[in-house]
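Presented below is the structure to which this report refers.
A, B, C and D label the chains in the order they appear, each numbered from 1.
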Amino acid sequence: MSDHPLLAAADLDAVPCTAPEPLTPAAIAARVARDIEPGSFVNLGIGQPTLVADHLPPDAGIVLHTENGMLHMGPAATGGPEDPIDPDLTNAGKQPVTERPGASYFHQADSFAMMRGGHLDVCVLGAFQVSVAGDLANWHTGAPDAVPGVGGAMDLAVGARRLVVMMTLFAKDGSPKLVPSCTYPLTGVGCVQRVYTDAAILDVGPHLPGAVLVETFGITAAELAARLR
Amino acid sequence: MSDHPLLAAADLDAVPCTAPEPLTPAAIAARVARDIEPGSFVNLGIGQPTLVADHLPPDAGIVLHTENGMLHMGPAATGGPEDPIDPDLTNAGKQPVTERPGASYFHQADSFAMMRGGHLDVCVLGAFQVSVAGDLANWHTGAPDAVPGVGGAMDLAVGARRLVVMMTLFAKDGSPKLVPSCTYPLTGVGCVQRVYTDAAILDVGPHLPGAVLVETFGITAAELAARLR
Amino acid sequence: MIRRRRSVAPMTARVCDDVDAALADVPDGATVLIGGFGKVGMPVALVDGLIRQGASDLVIVSNNAGNGDTGIAALLAAGRVRKVVCSYPRQTDSWVFDRLYRAGEVELELVPQGTLAERMRAAGAGIGAFYCPTGAGTPLAEGKEVRDFDGRPHVLELPLRGDVALIRAHRADRLGNLVYRKTARNFGPVMATAARTVVVEVGDVVEIGALDPETVVTPGIYVDRIVRVP
Amino acid sequence: MIRRRRSVAPMTARVCDDVDAALADVPDGATVLIGGFGKVGMPVALVDGLIRQGASDLVIVSNNAGNGDTGIAALLAAGRVRKVVCSYPRQTDSWVFDRLYRAGEVELELVPQGTLAERMRAAGAGIGAFYCPTGAGTPLAEGKEVRDFDGRPHVLELPLRGDVALIRAHRADRLGNLVYRKTARNFGPVMATAARTVVVEVGDVVEIGALDPETVVTPGIYVDRIVRVP
């Protein structure tokens, strides 16, 4: 048993530190992209996860799903002659996008059936907090006067074969966003499998004795473990 | 209260006898067709109900649904140059049919959603027995060695806005097929609203005090009431 | 189950002369399903027509709760909406909803987007209720029955029916068969099955037979009224 | 929920050389969903391939239980099938099933046709269970939970999943996007969502981009293997 509030017992010296500096959002996105297997069907959540698309190898046959009703979504439309902005074609963030060859369109019930039914291989979401048991909080800060909005976040949380989170490891006030137990309202229970952050990659989940450090960036595992206490 | 085992109390002399002879199956079908409102969406069950299609006014905009996945089904295909037999185009009885302009095709979940969701105006089914409360028995004789088969009968029974039955009023052994309570296994409970037979039209249903004679054919209402005792 | 009020008029009578004719009978207190994902696929002309028409005390079911000062936002601003059922009211330009919500002047039922779609599908498909894993263990499952299937908790969800649906499609034939365009398809086909009266604005009305039967997305059986709004 | 085993091969590798390659790994005891309504839309070459392949102790889910002496009937006659889940086994030419059923050599689970489709849809759509009015008060609801919604009794129905689905489509592109033809569409799109491995025989395989994205009925995400069978 570990006496660390977040991390499972492990040989911290064996965890590789693979970058001299903490990762930028683009670098986190690239690292997420590297772990996505060729041929995967992937949903990228609103916000920073959309950056992952820029780092997927074009020949890997990775297919993007957008929950507003499309497979084989292409990059953002720039409005140029090659990719004009089409008001009928957006991603889940309502930004204009393009269509790749092999695309298909479907309605909302079919789109969420696809997601909830376990047909997507990977979903990448942002988060306010992730717990060591894989609980996800990413839709509501819990502030009493906040207007809540959930969108497809809870559907994505239960549906994907592999759900990973992309976020900074520490909030602006310095507190870890990886927590023993989420204090913000939950999006899903035990649904996150891996967290990609600027400082480290960690595996989480209901069957682990604590978060497991996979790789660190700009900090050694031992130093990070100390910061996470 | 009526003391008749099947019929609600009524002034039998007021029930019109509108045909000198019992109706043929084609004449029953024509009578069913006459009661279908213009613009209706209609499903015709396997067997004699399919005859109804021959009697629908061509200009009434009545649309046929077939539960194997089509709206605007046309007449049977004869194999002639105008309506060749297409192995991919059949009705629910697996007979080759044709397609009318304005047709659409859909899969089985969508087709039965359409039916079960109450979007069809009229469904016409055959029956072994109908009870005065509108219970329907039309899928199984209950014989222990019979191979059962239900197909879409139960779905049709619960789904249509108006379910009517087309059958002979008496079985081959002379017993009425309109019964106080079905002895054959049920297809649906309280689902039938009207029964069109060779001898009479009767309204049935859970809210009626007994079957209500609407019209007789080749027999007076009083004579028929006596035969039904 | 949707018990549709069927007009007995001839089959091409579904095409209305204008938006106002198509919306004349929307009653106060109606539950109105409104298509669109943000502005994509939003039936703008029908929503504007609903504002002119004047029905009040409405329950609006839509993915979002209005953008800027037009459309659903204008309907809200006019005080016509008692309750909003949606997945994502909070947007950068949802100031009308935000103000009314904070002032307690509009009720909100927040539903996960997929559950919103599935509840309308259930209404249209004659499903009495369904168990859905989405939201189990979260505040949105509070007060709802939860039951395990296959070792996972599922929330019991009920059908969501409309009195009226307002949707936009790309093209209709005169029988009401519809096709959509790209991601503007979104909620249209589901909402078309889930309301007693379905009103569709379309860019284009074509003759019967002009749509390939294999490509029809919403069969005309679901459509009551069509208005051409190019 | 379907946890699909995804091959990591390049995206065009879904096209198999022949039926035998596409079916090589069907295990004994598998639940096999087989498309078609009678012979319409039946994946004849795949069923013949399954007979050659030799898997036994199978559970077959299909609308019917075989016609004549070929296809599903031949699979039954070869003693490979432990159980049939279907809506309508009894046909004029279902003598193989009839004999085995009367002899107690094959188990039958009779499911109303719409419930059969909806149970497979639920499996593919991640719905834990649903309440369906079909069959309430009949022998087919015996032993099942019944509950009233909207004043009507509904039967609790569970998802129906396949290990393998064998279906026929009209045309595929090399990514597995499918279109069907007329009423041969029937169970194909539903079964494609409901099995871990989906094998499709198609009349024609076209290049990526040759199918209009608006008209794709089964997106390639649901399709694991394609065999051209003209």
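In this section, contacts are C-beta pairs under 8 Å (C-beta built on N, C-alpha and C of every residue); 3 or more make two chains touch, one makes a residue touch a chain.
Quick caveat, the model's predicted, so the values are computed rather than measured.
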item: Interchain contact steps from chain A to chain B (minimum; 1 if touching); value: 2
item: Chain pair with more C-beta contacts, A-D versus A-C; value: A-C
item: Chain B-chain D separation of Cα centroids, rounded to whole Å; value: 30
item: Intercentroid distance (Cα basis), chain C paired with chain B, Å; value: 34
item: Residues of chain D engaged with two or more neighbouring chains; value: 1, 118, 121, 125-127, 132-133, 180-182, 213-214
item: Multi-partner residues of chain A (at least 2 other chains); value: 99, 105-106, 112-113, 115-116, 158-159
item: Inter-chain touch pairs (all); value: A-C, A-D, B-C, B-D, C-D
item: Residues of chain A that touch chain C when the two form their complex; value: 66-70, 86-90, 94, 99, 105-109, 111-113, 115-116, 140, 145-155, 157-159, 185-189
item: Contact set on chain D toward chain C in their complex; value: 1, 118, 122, 125-133, 147, 149-150, 152, 154, 158, 179-182, 212-215
item: Chain B-facing residues of chain D, complex; value: 37-41, 63, 87-91, 94, 97-98, 101-102, 108, 110-118, 120-121, 132-140, 153, 180-190, 217
item: Touching residues on chain B, where the partner in the complex is chain C; value: 37-41, 59, 61, 63, 65, 71-72, 99, 101-106, 112-121, 158-159, 161
item: Complex interface listing, chain D residues touching chain A; value: 1-4, 6-11, 121, 123-127, 173, 175, 177, 193, 208-209, 213-214, 216, 219-222
